[in-house]
Every structure is written in structure tokens, then in C-alpha cells.
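Shared between the two complexes below is chain A, which has chain B as its partner in the first and chain C in the second.
Our next item is the complex of A and B:
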């Protein structure tokens, strides 16, 4: 029986790893069954492989062995909360959670704040949480939704020979009919105002299996580009519908949720030429991926049932998640000592990440993801996005790392944080005083 | 030209409606033969499509994979009759309905356990590209799907009205006990109809899988079939196709022409509202059988 079969048969059970109280415990709230299992199995497989790699290569972090335990969320909010509650105090206490789900993150934010356990929301979740003064325990590392949205527009600017050439262009924002889909509307509106392009928002009712009318509207509007804010089945349905109305896929740019092999393969030939953002590049060319394959899979301890998926987009994202988690533990150990640390101490480590070019080289991840330097106020630590194009078989980079337009995002973040702190009647952290 | 655009939306909607009808047909078949609303139809669509692409991925040629999947779906249908339905003969319809809910979750899990969770592309050799008819774009794939749907409906309509087995199926749907008392073998009838529903699920799975990729989300296409059933009637094969056409055209026209006035994104709930409005006039649906009971 393969690993998928095992995962399915144990869907209602917690899959126990090898956790002991004296080790550093990392909960793995995975989704290996259900609608999003295809991406979830690879993402969490990559994360677990990296943790095992660190254990096998270095004997853990600072001599403290990393342990983990899986809990199946099925990408459902109620199960995610259940997994959070089940794992938060286990094996000496959880280091941090990465649910890979905006919904579960929202559902557990208040609990995490109360329990002092950080939530790693790498590339997703609440965009304004990059302001650590208001969101002490939430870390939208590398790139938030808002940063990605501004990067998408800047990428289009590059395509037309400069941001000034966006003036007068027509862009459609085709978005998932959900809170996730609507989240970037204010940012894109601000970008349209700043650069003078015409922006039309078109909603696709969730889940987005049928988009005939939306694409006919797009054909009538004759836009220069379509910004796709999709998720799950909406992506291939959009690409197929675009093909059906003759809209060039080269002019469709999605955010990273629409940029995995699963999204493109499902659309078949219709995906050829389609572009999506990314915060972690795919491929096996990175030394860290090669080392994992050699060390972990060489010892027969790999988490994927099919080695062929090593180096895929979701697998590499999982590895990056593992790296950020481990680097946060390393940073925290420098302050608190090489011992089992609690969630609040790991939060400090996550808030003091410094993965610069030198560190990236040491880790074997140069150019796999952008450099990350976090602080009390900056929980994103980067803000860079890179764009990839599907050539029919693989994703190929078609841009460098594009930095978020902070001139647009920061005022929006400030406004949102002010509103949030007023609603919660909370005082913002004084980062200068905490130094 | 505005009228051209209107025509394009209308034709696109009608063709999309045929795709909904394909899924609705599976529900109608089971309901006609057993009076059961088969909650597991979406799971059967997923199971069929996933089985087909997985068998094909083993290097099996297209037609052989199709035959093998068909055999698998018939076996599945017979198995469902044996294990799930037979013990529930003469139980209230709600009991059978609840059993199909359980069956739905079981099939979803089984499909992923046996064939894995990966997303597969599916190309049927018909490009989903448009051709221009006087400025109106029409999808070749949609036309193909409409032809398949039409053929299926015609074949099933003939089967139910002209064959002995078809008439037996209708008798069973009316009254299990009465049908058994006149010598109709209920168990065999159910096994056959579940097998045929498996075949319809395979056709729907291949066409929808070709459009969306073969993935778990295929189970969601049933959401598009429900208003078709409400409108067309649960017991009418032609009703499924006419209902599909009305729902498909109605939702597309509503999204394009009414959507902008209410903020857009109305395509999901509008078909249900349309179907409910029809129910006010014809509670049994457009083509459903009228139930007249003596009191």
C-alpha cells in the first residue's frame, strides 16, 4: 500500500511521528486527502523531508533533534482548529504552525495569540499581518497577497516596456468569489490610480468550475491583460475558457496559488504560455534539493511515495517552509540557548530571521527564494515575487525577483492595522522599546 | 455588435447547459428506477474519470481503457446494489438517500486511495477552441459535448419507452413491492440501472475531466446539475436535457445582463432561483410525473 493509501485510511486519525518531550516539536497540519490533497501531499512531504534532512545531516538544530507529528486537516477550517488544539501543547509544545490555508489561519489567529505560538503564513493569509506591531504571532513570510498583487502589475509594466506604458492599458482582474479573491481589489485599484490603467473586476462564483459568461465579458472588454486570482479548479477552468474565447494565455498572469504543476497539467494544452507568480522556484538544480534526495531518499526515509515529485513547485515550497522554520529555531537558539524552546521563543527567532546571500549559499538555496530579513515591524521580510511561464511541461522563469510596490502597500497596511487595533482596542507594540 | 454578443452568450449558455444535463442524467436514471436521489453521483463521476486516466497512464490504449473503466463502473454498480441497496429494499426513501450520502464519501475516499490524489490532464482529441460563425464564437468541444449528450438522451429515452427492461425499470420506480409481485426481478433491475448510471458517470467524467482536469473538484459539478433536476423533473430523461438548456442559457444571460446591476457573481444562485420559480408553477418540474393520490 502506498503512502497515499495509508494517509487515506488514517484520515480521521493523527499520524504520529517520532516525538519526544526533550526535542523541538514541529506540528504538521497537513492535507493529504480531500480536494487539495495533490498539492498538500507534496508541500508537507517537502517540509518533512527537510526536517529529516537536518536531523540526519546535523543531528537536529544545535544538537536538539527536530520531531514532528502530522494531523490531517483536509483543508477544512474546523479540522484545522481541531489539529491546532490537539498539537499545540504536545511533546513540549508546538514551535509554530503552517496550515497552508488562509481560512484555517484566520480561524486560529486569536488562539495562537493567546497561546503565544507563531503562525507561519508564507505567501498567504492576512496581508496586513506583515505589520508585527499588531500581529505579533503571524508571519506572512516572503510575500503577502498585497505584495504579490503589486508585483503582478509591475511585471506587466516590464512586459510593455515600463510602468509609464501601462497608462491607457486595459486590465481585467478575474477573481475567485470569496474573501480570498476579493482581498487584492483595493491594492489593484490603488495601482490603477497610480499608473493610469483601466481596471475591470470580474467575479467568478466559487468554486469556478464554469466561467463561460465571465470570459465572454472579457472578450467583449478586449483587455490587454487578465490578472487571475484563482484557487483550485478555478485555474484550469479559466485557462480552458480563455482558450475557448481565443484569449492568449501569455497575457494571463496569476498569483502563486495558480502556479503549480497541478494547475497547469489539469488545463492541458490550454495552459501553454500561461504565467504565474512564485515565491519559491521549482526544480532539482538547487543543492538543498539534491542533498535531500541523496541523504533522505538515499536512506529510504523520503516522505514522498513517488520520488518523481521531488523538485515540483509544491514540494520546493514545502522545503522552503521547512528551511524558514529551522532558521527561526536557529535564530531563537542564539538568544535563548540550544535547548527545547517554546512558541514565544520561536516567535522571536522568526522575527529575527536573516537569510542573506551568504546564508542562502550555505543552505544551498541561492535564487530558490528571495533573501529574507524580518524584524519586529516587518513580518514579511522580503516582499519579492518572481514570475514563471508554463511551457507545456515545466515552469520557466520569465522575470527576476520583483519587489512589492511599498508606496502602495504600506499606506494600505497602515490603514488596515489602525482599523484592526481600534476594533480590538489594542495598543500597537513599540518595536523600538523591544530592541 | 451587441446582438452578436447576446447570441454568443445564449449559444454558450445552451451548450454549457448540455454539460450540466450529462451529470443530471445520472441522477434521473437512479431516481427513475428506485425513487432514490443518488447523492453519490458526483463521486461516481470522479471515480469513473480517475479510473480512466489512471488506467490510461499504465500505457493502456484509449479504447481499451474506456472498456476497462466501463467494466469497472458496471462492477461498481452491481457491487453497490449487492452491498448497499439490497439490504434496504422496501425501506423508506430517506433511508436509501442517507445510504447514498455514505456511499458518496466512501467512493471519494476509495478513488483517492486506489488511484492516488494527483491531478491529471485529459485530452479527448477535440480542441476546446472556437470557430467563427458570423462573428459568433462557438466552441468545437461544446458542440461535441452537445452531440454526445443528445445521443445519450435519445438512446436512454428509447430504452425507457421501447424496451421491456425499460418498462420494468419504470414499474420498479413506481412501486417496489407491486413490481416484485408481478415478477419483476428488483435486484437485477437495480444492478442494471446502477451499471448504466456508472456508464453515464463515465461519459460525464470524461467530458468534464477534459475541461477541468481529472481532480477531486469533479465532485462539485453536481452543484450545476441540481437546478437542472429541479426544473426538468427527477424522472424525465428529456427533462434533464431541456432543463439543462434552460438553466445554462438562463444563468449565462443573467450573469452578463443582470450581474452588473447587483455586483456580479450571481451565476451560482441564479439557476436555483430560476428552478424554484418554476416549482411555484409546476411542483413536479417541467417533465416530472404528476402524483395523484386518492384520499
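Our next item is the complex of A and C:
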């Protein structure tokens, strides 16, 4: 220990103590440097742009202005925890956190539960958190990994002309050698059993730049399809290796973290025809995106340094994240009144989201993401995934919204939740009693 | 003027071999400990305690572990994060598979497991030295990370591989508030730092330093090479293992192999290089520099977020951080601990340096 540390900590004490006027505060734990910066900057740019848009267009939600503050996590768990602690009590208390990182979400889960602040895990980890009875403050909104995995198999079913035709087909699950990569193995195994296709798991050691031997193994196995569960550099590396061994790219189906422009462009020619899942469509054709461009960027208040990134996959995901956040605040305001709300009240709002077709029309997001209706028990609210194909320049939809196979996911979620509650020695919430 | 030992006489062997021989130092450390143990848990905000001080203390402990191995015994290691991971996973499995095991015992056993693994990967140090040894420990880093990801048993077959730490208590007191977590960490770190300080001053520390400075000469004067080197690996890994267990249980609340990747090993290595190789104090100074400086820069940066693009700010922070590391290494290649020592020397003769 030393004088410097004490001086620094005392200085931080005073900084942390400063509070501002009563608004609705939304923490932005962004990552704009580090390995995942290119996605992070667009995602959080989109989210901030939407918050600014709501402020400029409607003067906030119900007259309550939205404020935000950024904190750089660098996609690292310890920095994420620091950001969580820094922002959680600021400006009247954080509404909800969206870290866009499974690791940070796990590390803040217990803290959030205690502080009663919801965590949005839109499109990523802990699939079993959709059971709101065990995970009161975690919201894997729209679609979880498990829902997506079942949608992938159903999409393949559509491609071969019906689920019954999957019988006897051979599918390889090429996954990132990490906790993230392994997360869908049990679901895919269950799907293989249900539909009688042959499933082979092939692991790519993290970070996934070297895949020569894996693709040789795939070539020997001669699968009909490859399900890609990739992350970061693994996606373009997989596509290039597939090109080398001559595996048709249109038979590769990746999950959504392999489905942004960064992933496809990096693979160049090899990416053409490649298919990936999606929970929020890209493009500028949606009225909400056009309005943001007009209102926010028109006033020179846009967050992106390059306007050209508006409408990219990660940007639109960020906008959707902003929309869900604001809609949750709206729902909570209906119950608790238009004032500064605390995290627990926002949690109620997130549990009572109802973004139906009519609301989507009003928001200008029809078809951008599936309809979302949450409840105390269902924190996912949708479970639909759509598939897109890279045509060398853009992502083009090649399917409708495919619903998760809940017959497969629900028993797995139940087993996982039981184990979790046992490990934690906790009691499940009684949703019927809460009204 | 104030920092002068004149008039303080040592009249016993005990006084002569005390850690802090000067009254001013004793006073300063006592005040620091009082601040850390009494004032901060009471007055510090949640953010200060669990966002800043806990990670700082835990990584200080890891740096301390690496400093024993690299700074004192002269064995360059790039596997500190792997040994942290062993500590974390072992502690988790002890608690999971032996219900009712006290947390402190589990952490201790976790440290012991890390020590065992450390000894195993320390064996090559008897044959290879310097950069080549660093490469051998790099193998430990990759191998251990792979084992924990590959074999489901370690994570209790959790579908995501990331497992949540069970609730903690020590002597019947639940460790669930930032203050209690902070006090637990601080107590462990303070005790282990004291132990490290004493080891460094004792015969074992001298044996390490002899090996570091010239191993052939050390062997000639009768220092057993095998035992001393492996002991350095064991003790160093024990420290790292305890730090890893604390990192997983107290800081993150999850046990995740990816939290202990190569990046973490480098981070710990940079801590001792910036702080001071072969110095207990340096471990703390280095950890403070590496952990706290980016946070301070980020906090400062947020003050300008209305005027400058956040994208630019985030990158500027990284540049400043890198620049400061280079600056300090040029100003004082022996680390911040040496700067502190120089400051003390200057203070001793102040205000009449001649």
C-alpha cells in the first residue's frame, strides 16, 4: 500500500459522490477499444443515438429526460465490474445494464440481483435466464442462444423440404473452444435425437485463427451442413478454410455473432453465399433508422464518427437495444408514474413489455425485430430468429422469423434452472403470487 | 527534517531485525493499516470498495506471487494467470464437492493445488533458464486454460462453462456486502504480504536471490538448487492460486477460464516490471498503476464526453496509458518502488541536502 493509491482512491471517492438532477439514467458500458471495438462502437453508437432521438423528438419518456454516461469496459470482466459499480448509483440510479458480453453479465449477475438492477442480455448468454423465476433481473430479450440453435436446425429443415427430411443427414457443429462455443451443444444433441440427423461436434481452439485440420476433418466427414458457432476472427477464418477445402458456403449457417458486416467483409470473396442468424435486421429501410439519421445526425448530434455505419448490423442491434430499454421505461411509467424510476421498477417494465405489430408500426420498426411480449416467467419474450445470406455486399433475408422449438429448449431450461437454484441454494419466485 | 532516524537507537537484536526500523515508517504503516481496515470500510462507497480496491488488492497479491518467483528467484514466468485459474477452479470444486467446507480452508486448499501444479511446471526450470523458461511457462498457460475449457468436470458440466460461485461465509459471517468482501480480501492480502516480506528477508529469500544473481555460485556455496527453485515455484503459485480464488469468488462471482487468459499473465508481469522487480512494495505500486490508472483516465475522459467524441477519448486513454508506462520506465527502470525509495532518501536530508 502506498500514498499514491490512497490519494487516488480519495479523489475517486469525491468523484463518485457527485450527483446530478433527477432524470432517467441509462448506463452505457461500452467497449470502443480492444479486440471487439469495431462491433462495440457501432452497437453502443446505435443505442446512444436512439436515446438522443427520443430526447430530441419527445423530450424524453413521459417528460422525463433520458441521460446516459459511458464507461469503457474493453470487453473485460474486471473492467465491466468496475463500470457496473461506477454507474449503478449515478444520477438517481441505473435503469438497466446491457454489457454485450457474456462474461461481464455473469460477473455482475449476483450484484444486480442484490442492487435490484436489471441486466439486458439481448441475444447472448445464459439461455436459461429466460426463466424469470430463477433469474429475476436477467433479460435475454428477443432470442437466446438455445432458441437460436433450434431455429438453425429448423432452417436447415426448411432448406431440405421439411423436418422429416433431416433424418439421416449429417451436420457438423463447428464451435469456438470456449464456454460460449460449447453453450449450444446440449440443445443440438437434443435436436439431433428428435429429428434423427447425425451430429458431429468439432472444436476450434480459441481464438480460432487456425482451422486447417478441422476443415480437413469436415471434408472427410462429408456433412450436408456446417453449423458455425463462431466469434470474432474465427468467422472469416472458417469461411476462408471452407473455400480452401471446397465446402459450399451456402451450406454454412452461423449464429448472429458471425453475422455482421465485419465478419463477412473480412473473409472477402469466401463469404459469398454464407448464411447467418439474426435477431435484428440491418439496413436503412426502417423508418426508425431514417428518422434517427434525419433528426439526430441532422442536428450534428450523432454518436458514430462515420455516418456510413448507420444501418449496419451492429448499429441496428444497438438501436433495438435502445428501443427495448425505452419501451421498458414506458411500461414501467404506466404503472409507477412519469418520474425517475429505480431499477426494480424498470425490471417490472421489462417483465411487462408488449411490443406487438401495432406498436412496431408506431415505432417504425416493423419486421426489424420480432414482436416481444414478456412476463414474469418468460424473460425472453419472443424466441424468433431470422436467417440472412451475404451476397458479397449486403445481408439478404433468406427466411421468415423462425420460432424456437420450445419442446426442446424448455426441458433443458428447467433442468438448468433446477441445478442453478440448487447450487445457489435459492428458492424460485412464485409468479402467480406477483401481480 | 521529519523523516530522520537520528536519536533512534537499537538496543536489542529484535529491534535490529524488525521490518520497520524507523519510528516514522512504523507510524506511517500503522496509519495506512488503520485507514485501510477501519476508515475505508466505513466511509468508502460501494464503488470504491468493490470497483477499485478489491481488484487492486487481488491483483497485488498475484503480482506479489510473481515477484517472489521472478523478482526474487529470478525465474521468468508467463503462467501466473494459469496458476490463478488453478486456484479458482480448485477452490470452487472443493466447495462444491465437499459441502460444508469453510471458505478459508477451500481457498487455502485451492492455493495448495496451484502450488502443486506450479511445482510440476517448475521442473523444467532446473534445466532451462531465462527466456526459454518463459516459453515453458507459457505452455502452462495454454495447457491449463485448455484443460478447464475442455473437461466439463471442472465446471460441474455447466452448459455455458461459466459457473457461478456459491454464497460465501467466514466464521458464520456472510460475505455478501462490499465492505465485508473488502475486509476479507484485505486481511488475506495483508497477512500474505507480511509473510512474503519475511520470507524475502529470511534465509529462503537470500537463497532465492543468490540463485537469481548467479546460480552456479549459489550451488557452489551449498544452496540446494532443486529444492530452492521448486520452493519458489510452489510459494509463488500458492500466492497466485489464492489471488485467483479471490478473483473468482470475491470480485467476479463466477469461475471462468477466460478470465485467466494470457492477457492476465502479461498484466501481472507488467505490474512487477512497472512496480519494481524484487520488491514487495513494488507489487502493490505496480498493481495500483496498472489497475487504477486506466480507470482514472476513463473517469477523466468522461468529463469531456460532451465536447470530444467518445470514440476518440477511448483511444486517447489507451495512448496515454502506454505513454505513461514508457515514461516511468525511462525515468526509473527499476520501477516505482525505486522511485519511492529515492523519495525517502531525499526526504531524509530535506531541507538541507548538502
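Simple rule for what comes next: the second predicted complex is superposed on the first by the 414 of 435 C-alpha atoms of A that agree within 3 Å, B and C clash if a C-alpha of one lies under 4 Å from a C-alpha of the other, contacts with A are read in each partner's own complex, and residues count from 1 in each chain.
FYI, contacts are C-beta pairs under 8 Å (C-beta built on N, C-alpha and C of every residue); 3 or more make two chains touch, one makes a residue touch a chain.
This is a predicted model, so every value here is computed, not measured.
A.B. asks: For A:47, is the partner it touches chain B (first), chain C (second), both, or none of the two (neither)?
C.D. replies: In the superposition, A:47 contacts neither chain B nor chain C.
A.B. asks: Looking at the overlay, what does A:233 touch: chain B (first), chain C (second), both, or neither?
C.D. replies: Touch status of A:233: first partner only.
A.B. asks: Would you sort A:205 into first (chain B), second (chain C), both or neither based on which partner it touches?
C.D. replies: Touch partners of A:205: chain B and chain C.
A.B. asks: With both complexes overlaid on chain A, does A:119 touch chain B (first), chain C (second), both or neither?
C.D. replies: Once the two structures are laid over each other on A, A:119 reaches no partner at all.
A.B. asks: Tell me which partner A:177 touches in the superposition: chain B (first), chain C (second), both or neither.
C.D. replies: both
A.B. asks: More residues of chain A are touched by which chain, chain B or chain C?
C.D. replies: Result: the larger residue contact count on chain A belongs to C.
A.B. asks: A:156 contacts which: chain B (first), chain C (second), both, neither?
C.D. replies: After superposing on A, A:156 lies clear of both chain B and chain C.
A.B. asks: Scan A:33 for contacts with chain B and chain C and give back first, second, both or neither.
C.D. replies: A:33 sits against chain B and chain C alike.
A.B. asks: Taking the two structures together, which residues of chain A meet both chain B and chain C?
C.D. replies: 2, 4-5, 8-9, 11, 32-33, 37, 41, 177, 205-206
A.B. asks: Which of the residues in chain C come into contact with chain A in the complex?
C.D. replies: Touching chain A: residues 32-33, 35-36, 40, 43-48, 50-53, 55-56, 96, 146, 149-150, 155-156, 158-164, 166-167, 176, 247, 251-254, 256-259, 281, 284-285, 288, 292, 294-296, 298-299, 301-302, 305, 309-312, 314-315, 317-318, 340 of chain C.
A.B. asks: Touching residues of chain B toward chain A in the complex: what are they?
C.D. replies: Contact set of chain B toward chain A: 5, 8-9, 12-13, 16, 109, 112-114, 116-123, 127-130, 137, 139, 141-142, 208, 210-217, 220-221, 223-224, 251-252, 255-256, 259, 263-269.
A.B. asks: Which bits of chain A are touching chain B when the two form their complex?
C.D. replies: Interface residues on the chain A side: 2, 4-5, 8-9, 11, 32-38, 41, 177, 201-207, 209-210, 212-214, 216-217, 219-220, 232-233, 236-237, 240, 243-246, 262, 265-270.
A.B. asks: Would you mind writing out the residues of chain A in touch with chain C in their complex?
C.D. replies: It comes out as residues 1-2, 4-6, 8-9, 11-13, 15-17, 30, 32-33, 37, 41, 69-72, 77-79, 81-86, 88-89, 102-103, 106-107, 109-111, 114, 125-128, 177-180, 182-183, 185-186, 205-206, 303, 305, 412, 416, 419-420, 423-425.
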